[in-house]
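Below are two complexes that have subunit A in common, paired first with subunit B and then with subunit C.
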Partner chain A sequence: MFTELNGILNASPESFTPGEFILLSDRQSDASFLIHHFLSFYLKARCKVCFVALVQSFSHYNAVSQRLGVSLTQAKEKGQLTFLEGLKESLSVLIPQEENAENQAMSFLRDPAAGLRSLYEFVQSSVVESNGGGGAEEQWGPPVLLVDDVSVLLSLGVRVGAVLDFSHYCRATVCSQLQGNVVMLVRCDGEAEEDDEGSQQLMRGLTHQSCLTLHVQGLPTGYCRDIHGQVELCWKKRQSDGQHTPKKVFQFKVHDKGVSFFARGTSSAVL
Partner chain B sequence: MLSELLQGTDIGGFLLIQDSCTYCGRDLLKSFIEAALNREEVIHVVGFDVSEGELKDGLKSSVFQRLHFHNAFADPLGWTDNSPFTVHQFSSSGLTELLNQTAQSKPATLVIDSLSWILRHVSPTAVCHTLQQLKKGGAVRTIIGLLHEDMHSRGIVGSVCRLATSVITVAPRTKADEGLAKITRRSKSGKVVQDEQIFSIRKDLTVTVLSKPTNFGRKQSNTEEQVDPTANLTFNLRLTDAEREAKEKLALPFVFSTEKKTALLHSGPGSGKILYEPDANDDYDQEDPDDDLDV
Partner chain C sequence: MNLRHYVTTNMAAPMSSVDKTPAECLQLNSTSFQKKTRSKFISIPGTRPSVQNGQLLVSSGVTSLDYLLGGGLAVGTVLLIEEDRYDSFSRMIFKYFLAEGVVCRHELFVAAAQDDPDDILQELPAPILDDVAIHRPGDQPRMSCEPQDTLDAMKIAWRYQNLPKVQSALASSSRFGHYYDVSKIMEPEIRQAAKWHRFYHPEHPPPSSGTHSPKLESYSALLKSLQEVIQREGFDLNAPLPKSRNILRVGLHSLGSALWGDDLCCHDNPKNVHALTSFLYGLRALLRSSLSVAVVTVPSHLIQDRALMGSITRLCDNAIALESFKGSERETNPLYKDYHGLLHVRQVPRLNCLASQLPDHKDLAFKLKRKQFTIERLHLPPDLSETVSRVGKGEPAAAACASATSSAKHLDF
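Let's look at the complex of A and B:
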């Protein structure tokens, strides 16, 4: 959890806006540090987190989260975190063995054209389960869904329409029905001119569905050692205090144990 | 023109609001709903994109009994067993049945949020067919639809726009709470009127139309200014009355009046005559080569 980002977003583990769909996106850059921020943020806020991790292994996220002060193994044992390790589970679909039962959530690998209904049902079962928990378990806060990342589904053969349907259903269940939050990462590598490219259309569709977007990209002037890129924050809804502040741009630098954000031109290397 | 559209005088029409990622058109859609509710109309909303709570947020709660929300947000594809409204129920018969479920004395206004969701799952021809049938049938007074134009190809967007009697395309302005609306309105006689207006939506969903965009204003001021070339010179270009009279009397050398023309072309008595005897080599053409001149 990066305290400077909490200040920018006007949120803290004790108080954050419920029912939000936050979209993280990047173009020719790497926004995964934001996923680590939100993962540790919501775990510290005592929310029930469902993490669909399709690109990295559990040990990777665990190692980074420990540097941010959160232990994923402990959260998983306590029942606070439901972790779907996409890389490992996909093996059970592709190489079926008798000992490992096939995880239904990844069944879209077998038939990508059929859509992501089974993945949605997995998400639904893990977030709804918290509400039906017995008195013996600890009571956790509102459910949170994190997905890292959505564009890899496109390269696995799923259509853009199916991914948008999946995100719609997640939003309907987690944000609207259960007043939880959804955070999704979408990556776009292509140039802006390729209009009919799937990832561009996916990003546009998800932007329409979201109420807060954080877009990470490199500096327009090129590589810099002290400034790793810029983040553009876009709020769609009017803020609760009535002010309409739709866009803010910050530059950032990634350190070993955190990320520092500053207004453009105020990097410590420059001043 | 935006204020006229908000007054809803278009009966039997289809109003389309087009937006994009950079500016959300849902606030304008809510302003239209609010204006229609204030006119005591019955509104049916088919909501795919947002939930009922999010759509009703900002509308005055006293008029909710005339607003019927059909929940297509919770389960539009029928993935659970009891879905209130699925995308496949979007047909003229399905919608007419839905409207008839609530007893009403007068035709209702149908609001579709959004057409983009439906176009992703139903073929564009079927959607256009349904919209056309709804327009012609009597169950619906007007249709207001929201379309995300950057989610579809230009052909599909063009087809839906063709059906609409009014199209409002919204875009952002540099100032955060202002928007730019490009309006195209087709009247029943076939006349098409286009306009551009800057608007802003207040918290109570009333729309304030601000001035036209500045490039329109600049063009008008150029044509109206008449610059006087004889002013601000170090020498005198003006004429006195006597000089103006003499100037007008002057006959210019190559401006011909009819008398001058006939005098030149038909030489009078006393002026020299030219007699010409053609040689054997000459190619004498009896036709007058100047016959086709319009002098």
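Let's look at the complex of A and C:
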């Protein structure tokens, strides 16, 4: 996790707001570093994490998390992390074999028009079982769901309505019922006017459902090697201490072992 | 002729090359720092670990492109090439990629719908083989007898002989790629020594299937064929690997074009919008779990939907776009007279680390010379003419130099 981002969000592994739906979005940029932050943050906070990783392999997340101080293999062994590796599971669905030993979660690939019910059922089963666990297991904190990323579902043929239904069901289960958190990444490409109907609708729908959005985009003045982009944070509801700061903008630079955030114009390359 | 050195990951192994003089052997270990990684792989010829994150890299066949992409193509990733208008330069890079595989003795998988893969393989450029160990029985060591050599041999400043020459072309100082002569065809003996697999779309008639799915039969058949090759030839990382490991180079030509049965390039609202993206997802899944690397070319200039192109790009790891000047007004523009086209880097992957190796400059142009495909930073020459304003030259390199916002107009002083 990135300590500067914790300061900005006013959160720490010991105390964070429960029941939040955090939306990470990007436009012509890559916000996946934020997923790594939240993954290591919630694992350090001893939450039970369900990670739906649709675009990268397990070893990629493991390698990055190790640099951030968390071991995903250990977390999986201890039962703290449920990892759905979408790429691996999808092969058995995309290339039908004679012996059908497929994971039901990715079966939406066979018929995307039918919706994401099977994926939701997978999430529900992995998140709910924590509360009904036996005494022998360690007691983990509230459940957390991370999804990386939601826009690839649109590329695979799932309708926007189905994706919004899925996120709504997840929010209802995880945030409202179980007082956990949900973090989803959605990616856009191109200018806001050029977006096709689907991704614009998805963006708006998810923004409406979320209570905190972090939007990553490139610098408006162009490409720069030392400043990789800017992050716009937007809180929907009032924070617990009564302060109401709706929007904040920071610039960032991604390093090997972390990301540094700074106020606009205060990059070390400039000062 | 410059000396190229065939570098393997196992630096301690002596070079077994018949055509090296002892003096050349001494200067093999170049001064560039290579991170010592306890690599779990037995050294595979033609690969090296990346200095940034230890990723296993192969050369794309074009040395400048390797430098641009952070040292080479990472094993397990896809390079997307957006074709130029007449598919001339993208096809060249495609052939360089396959030729590099032949020279490094990797296995090839070539899939095409337009040309027979046999024909593509017969057109591969000839490598400039002054130091590559190709086993040819009873072969004389090649002596380069070009007169240029005597110019390169320094008599007085001989200490500087070993240092790399300063060049504006993008190239790294430790080379593991090869150079090719595009005026010659690769000799059949070298080509036939390579093991390769083919997929020619007209040979695979679509089976009559009753299931309604967003996937096209052509892409499904291609994915299935690729998986079979990976599993049969021992590239699958899940299965126990054979003793001698190799890399599979996958070349997929012109995906998305109408010849594959896809209507992405024909209609504004194609019926099979998600066929290519589902295929690319499956391709990514296959590559991540095997010792292979893929190059896919897509005729993006025919796809009207930019958002669709964006999702195609996101499903690949590396993405570059070629824009050639042929046939456009820029061909006669004196600013571009040294180059054949512009090259845009659309995407660079973040693999196993937070940061990605972004290129230094965004305004790049390429030129295909006989022995080299160079990618250089686009320089604006000084304006030495009498008139100050550059009227009537359209949008010169100012448009190429601008990045996301193109609101900058050239300033006339």
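Brief remarks on what is shown
As a working rule, the second predicted complex is superposed on the first by the 263 of 271 C-alpha atoms of A that agree within 3 Å, B and C clash if a C-alpha of one lies under 4 Å from a C-alpha of the other, contacts with A are read in each partner's own complex, and residues count from 1 in each chain.
The rule is simple: a residue touches a chain if its C-beta (ideal position, glycine included) is under 8 Å from a C-beta of that chain, and two chains touch if they have at least 3 such contacts.
As the structure is a prediction and not an experimental result, all values here were calculated from the model.
In the three-chain model built by superposing on subunit A, subunit B fits alongside subunit C with no clash. Once the two complexes are overlaid on the shared chain, A:Pro220 sits against subunit C while remaining clear of subunit B.
Of the two partners subunit B and subunit C, more residues of subunit A are touched by C. In the overlay built on the shared chain, the residue A:His60 is in contact with subunit C alone; subunit B does not reach it. By the touch criterion stated above, A:Asp30 is placed in contact with subunit C alone, subunit B being left untouched.
With both structures placed on the common chain, the touch criterion links A:Asp256 to subunit C but leaves subunit B unconnected. Judged by the touch definition given at the top, the superposed model places A:Lys78 against neither subunit B nor subunit C.
Contact with subunit C, but none with subunit B, is seen for A:Leu156 once the two complexes are overlaid on the shared chain. Within the superposed three-chain model, A:Arg264 lies out of touch with both subunit B and subunit C [touch as defined at top].
Legend: residue contacts after superposition of the two complexes on their common chain; A:Ala172 is shown touching subunit B, with no touch to subunit C.
By the touch criterion stated above, A:Leu87 is placed in contact with subunit C alone, subunit B being left untouched. Working from the superposition on chain A, the subunit A vertex angle toward subunit B and subunit C, CA centres, sits at 110° in steps of 10.
With the two structures overlaid on their shared chain A, subunit B and subunit C come no closer than 19 Å at the level of C-alpha atoms. Taken together, the two complexes place residues 196 of subunit A in contact with subunit B and also with subunit C.
Contact residues of subunit A toward subunit C in the complex are 28, 30, 32-33, 36, 55-57, 59-60, 63-64, 67, 87-88, 90-91, 94-95, 109-112, 151-152, 154-157, 187, 189-190, 194-196, 199, 218-223, 225, 228, 254-259. Per the touch definition, subunit C reaches subunit A in the complex via residues 212-215, 220, 223-224, 227, 273-274, 277-278, 281-282, 284-286, 288-289, 305-308, 310-311, 313-315, 350-356, 358, 360, 362, 402-405. By the touch criterion given at the top, residues 21, 24, 49, 51, 53-54, 73-77, 79, 116, 120-121, 148, 150-151, 153, 176-177, 203 of subunit B touch subunit A in their complex.
On the subunit A side of its complex with subunit B, the touching residues are 117, 120-121, 161, 164-165, 168-169, 172, 176-177, 196, 201, 204-205, 207-209, 236, 238, 242, 244-247.
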